[in-house]
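All chains are identified by letter, namely A, B, C and D, in their written order; residue positions are counted from 1 within each chain.
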Amino acid sequence: MLELGPLLSRAFQALQSWVILHGVPPLAAWILAKAIQVGVLVLLVSLVPMVLVYAERKVAGFMQARLGPMNVGPYGIFQTLADGVKLIFKEDIIPVGSDRLMHIMAPMVVVSPVFVCFAPVPFGKGLIPIDLDISVLFIFAISGISTIGVLMAGWGSGNKFSMLGGLRGAAQLVSYEIPRVLSVVPVLMVYGTLSLKSIAMGQVGLWHGFLPKWFIFYPFIGQLAFVIFLIASVAETNRTPFDIPEAESELVAGFHTEFSGLKFALLFLAEYAYVFLSSAMAVALFFGGGDGFTLGGWIPSWFWFLGKTFAIVFLFLWFRWTFPRLRVDQLMQFCWKFLLPWSIVNVGLTGLMILLRK
Amino acid sequence: MIGKVIRSVKITLPNPIGTTNPLMANSTSLPTIAPEVFPQQAPANGMFISLGPQHPSTHGVLRVAITTDGEVVTSAQPDIGYLHRATEKLAEKRTYPQIIVLTDRLDYLAAMTNNWSYCLAVEKLLGVAIPERADYLRIIVGELQRIASHCVFLGTYGIDIGAFTPFLIAFGRERERIIDLFEEICGARLTYNYIRIGGVMADSPDGWETKVSKFVKEMYGRIDEYDTLLTYNPIFMDRTKNVGKMSQEMAVAWGITGPNLRATGFKADVRKDDPYGLFSKMKFDIPVGKQGDCWERYWVRIQEMRESLKIIEQALAAMQPGETMGKIPKTFRVPAGEGYGHLEAPRGDLGFYIVSDSSPSPYRMHIRAPSFINLQVLQVLLKDWKVSDVIAILGSIDIVLGEVDR
Amino acid sequence: MTTQELLTSIQAKFPGLQEIPKVQGQVRGDELYVAVPADQLVELCRFLRFDPPLSFDFLSFVTSTDWKTHFEVVYYLVSTLHKHKLVLKVKVEDRAKPEVPSIATLWPTADWQEREIFDLMGIRFAGHYNMRRILLPDDWEGYPLRKDYVAKPDRYD
Amino acid sequence: MERTLPTLIFACMAILLIGLSLIVVTARSVFRGAVALTAALGVVAALFALLGADFVAASQLLIYVGGIMIIMLFVIMLSQRPLDHLDRQTNEQWVWGAFFALAISCALIMQFRAVYRGVFVTTVATPTTASIGRLLLGDMVVPFEAVSLVLLAALVGAVYFGLDGKDRT
């Protein structure tokens, strides 16, 4: 009824045929169609951080016995918009003694992979921009490029604190990438595919008539995989308790100390977009994507997907406002001595389970 | 490390100090903790880091120059004086009552105890007795001030370690209420000028005492909340336990006072050792730590807040209506001589040494500022710790730059 | 230990030392005030610090007063074990080049306090490892806490 | 149409790759050179993707760009200072280097021209993951494991050399 996917694809086809009827070559029409898709996606991905920033402020406010933004618009809902406008008009400062080219390129390198990463995310029935066969691997691979941007930002600022932040960021991101990828391997083994859409589709249905067939409900392996994935994702997005690259009490603001205006906004946007991406991935991998178990027929799948995603985003916000920050060596120990062994154990357990099933 | 979760297990630390002094009284060896001159250049394979004066974790305009060998601090030299206002010189040009205003600006997070300490010294010189009600009011505001000050410490220390929420809870909720109480009694929220020579500025307004006792009752629960939020948080404990350890010998030799000294297990408190006001009538414990690490410095402060609440309750119960100002003329001359008054401020032993030549203003006033004296131990305390521990150690010493630079 | 006992045990080791008598009409705390010549200071301090019955392990503060004719350096010592207190006063006659031996090796807490006195009062502490200005800028002229210090108006006045 | 568009993209990518490679060897700043190398590896991944090797492309990005290059940049950041790009990276052998590079590339071009004459770039849209997996754990399992053993040995060696003298036992 309210499913957007079929509606959109029908509208799309109508548009395409109308354009071709009016003498536009099919290739141009195809490019136009893709351009519209990309435009919508980029717009959505840019809007999501604005929502998240507002949510973060409100959640923080309620956790800290205060109100959060209240002045711009009712309950301050336009606060992020105002901030965005402010950031756009702010002076863009490139410090003397910095590597100018790296300083300018860093925010672009950080932010552009995010948009690409959203391409294979199944937002709901028929709402998947591009169904890649290797979408899980694709997202991990592309999001790794952002790390280069963090390093470039740290290097290009010509500031010791930025440099330290960049170094810490690189070490942390590379380390946590490994348990993060390994934590997803059990899911891939169970569903036998690398496509997020197929994984999400594989989780539709109920066990014993009441328990959804989501991966998280696989005994032990599901929960363990999800916990490792969540922790590693928090670390990948540089948020508390793993916000060591930008630890404000130690490194001022880490790798984005020297960024202002739009460049800072881009770095900020990337952080929140990655939070959203990680949550969306977690939903597709562990929570059945757009599957709405018993109520599935009543509420559209995209609504389910977004609802679950924001529930996981809330976890991210919750962590940030309750935990202190780890020290660098503790962070590394936690990754290499706790997360990594357990994620490997989880892969083994999953293999055992698959063998036993056969 | 994350594995060993200690949650809501109240750790009771036995008091290792009985009546014997831990410092071997007959030892003739010198303490081997003489600092070294700060090297002018970074070591060959090390780095030179200038932390501050504009840095979010130096709690004001403090600069700490650090040289490192890899991650390890090889030498640290705090650089102060950015906030120097020459209070001691200014005092020589002002009359005695006017100086109270200056003392407000020293430790601006604990202005009440500054006023009190100064007034103690002047009252010693004058030899006046102050009314009982004034003494009780002083105890109440003094202990409230201690709680407020420790609330700021708790919050800012949380931020240093990366937890933002305790700051807004402790600073924005509980301290705010204490400040409201202060505003009601003296009209000011930060620089109170409430405790005057010979008594206090004004009696408490109607209903103030019930408000205080209501606050005290609620505050017990709030401190338990801090325990769940920060004190026993495993990450917080990982960051602060066994970090920045200070031995008793070292602490005493460096003149450390207050919670920092007590965290080493040394039972020293001016309120007990050299009771002033009516503290000899009050029943309270001195919480002490064991090994003087960052976590215990923090923990001692949390426990102290509980003890302060007990003192306030006792003072409220014992307080009778009466005069709040002794018989002090509007203008007076202090007899010539010298006097030293000190008390247990939130940051340690705060004292005023006043030399008078029977003129309306002191001939010389020296402030024994606990933050200033506690800060210098950083020269040796930071050594051999990792760079990321610097913030944890610096924050746990709890300095106020207004008092360091005076 | 009472002040009298303190005095006798100090005088047993340092016979030349005298208590500063209380001037008629002046007020003073009930601590023991002892005048020490600068050349005996370190030796006396070492004795006070490590002698078991005395064990003044805690140096509360060091300060100085400008008496126009001379300077006076004041040490306030406390024993955390016996809870007795002692005030040492060192008179510095030489106004042109005032110098007192440093005791920062006995009580490290004197480190910055001596530097502060040097900074504001201009008394040098011989043997201090790092005798530099601490609060004021290194190029500051004069010693502000001296009574004959004249504040020069700067661009902010 | 289907033949020219991929070929066009391929040509663009090839030119980009050559340009980036030239930056790698000529950049004054080591850091910039490494960033250009990262970009070049990314373009190689794009070429793989264009040729239908989607798994290899993603692995290329994940391992080279997201792993190895980050470690290299990390090392450069630890050992260099931001203003080093003002220094000139001199290499007296550059003439000979350029000569041999040109000679080798000419030889390769000549060779490949003969083999691939008339072959156009075609994108194959079949997933390759499963077949690669079967190959690696089937016919190729012995070389695969041998390679991982070599890597393990290299890792142990690196840890050994990374230790301080006193920690070596």
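Just so it is clear, a residue touches a chain if its C-beta (ideal position, glycine included) is under 8 Å from a C-beta of that chain, and two chains touch if they have at least 3 such contacts.
Just so it is clear, the model here is predicted, and its values are computed rather than measured.
Q: Considering only mean CA positions as chain centres, point out the chain farthest from chain D.
A: C
Q: Sort out for me whether B-C or A-B is joined by the greater number of C-beta contact pairs.
A: When the contacts at A-B and B-C are counted, B-C has more.
Q: Taking each chain's centre as its mean C-alpha position, how far apart are chain C and chain D in Å?
A: For chain C versus chain D, the centre distance works out to 71 Å.
Q: Using mean C-alpha positions as chain centres, tell me how far chain A is from chain C in Å, no decimals.
A: 64
Q: For chain A and chain B, let me know how many angstrom lie between their CA-based centres, rounded off.
A: 45
Q: So how far apart, in whole Å, are chain B and chain C when each is placed at the average of its C-alpha atoms?
A: That gives a centre separation of 25 Å.
Q: For chain A, what residues touch not just one other chain but two or more?
A: none
Q: Can you tell me, using the touch rule above, whether these chains form a line, ring, star, complete graph or other shape?
A: Contact pattern: an open line, chains touching in sequence.
Q: Can you list every touching chain pair?
A: Chain-chain contacts present: A-B, A-D, B-C.
Q: Which residues, counting only chain A, touch chain D once they are in their complex?
A: It is residues 27, 97-99, 101-102, 105, 132-134, 137-138, 140-142, 144-145, 147-148, 151-152, 154-158, 163, 166-167, 170-171, 173-174, 177, 181, 194 of chain A that touch chain D.
Q: Where on chain B does chain C make contact in their complex?
A: For this pair, the touching residues of chain B are 20-21, 23, 25-28, 30-31, 33-38, 80-81, 84, 86, 88-89, 124-125, 127, 252-256, 266, 268, 273-274, 335-340, 342, 349, 351, 353, 355-356, 363-364, 366, 368, 372-373, 375-377, 379-380, 405-406.
Q: Can you list the chain B residues touching chain A in their complex?
A: Answer in residue numbers: 1-3, 47, 49, 55-57, 158-165, 168-169, 172-173, 229-230, 233, 235-236, 238-239, 386-389, 391, 395.
Q: Mind listing the chain C positions that touch chain B in their complex?
A: Of all residues in chain C, those touching chain B are 23, 25-29, 31, 50, 52, 55, 57-61, 63, 65-66, 74, 76, 80-81, 83, 104-109, 111-113, 116, 120, 129-130, 133-137, 144-145.
Q: Which stretch or stretches of chain A touch chain B in the complex?
A: That would be residues 60, 63-66, 160, 240-241, 243, 247-250, 252, 320-330, 333-334, 338 of chain A.
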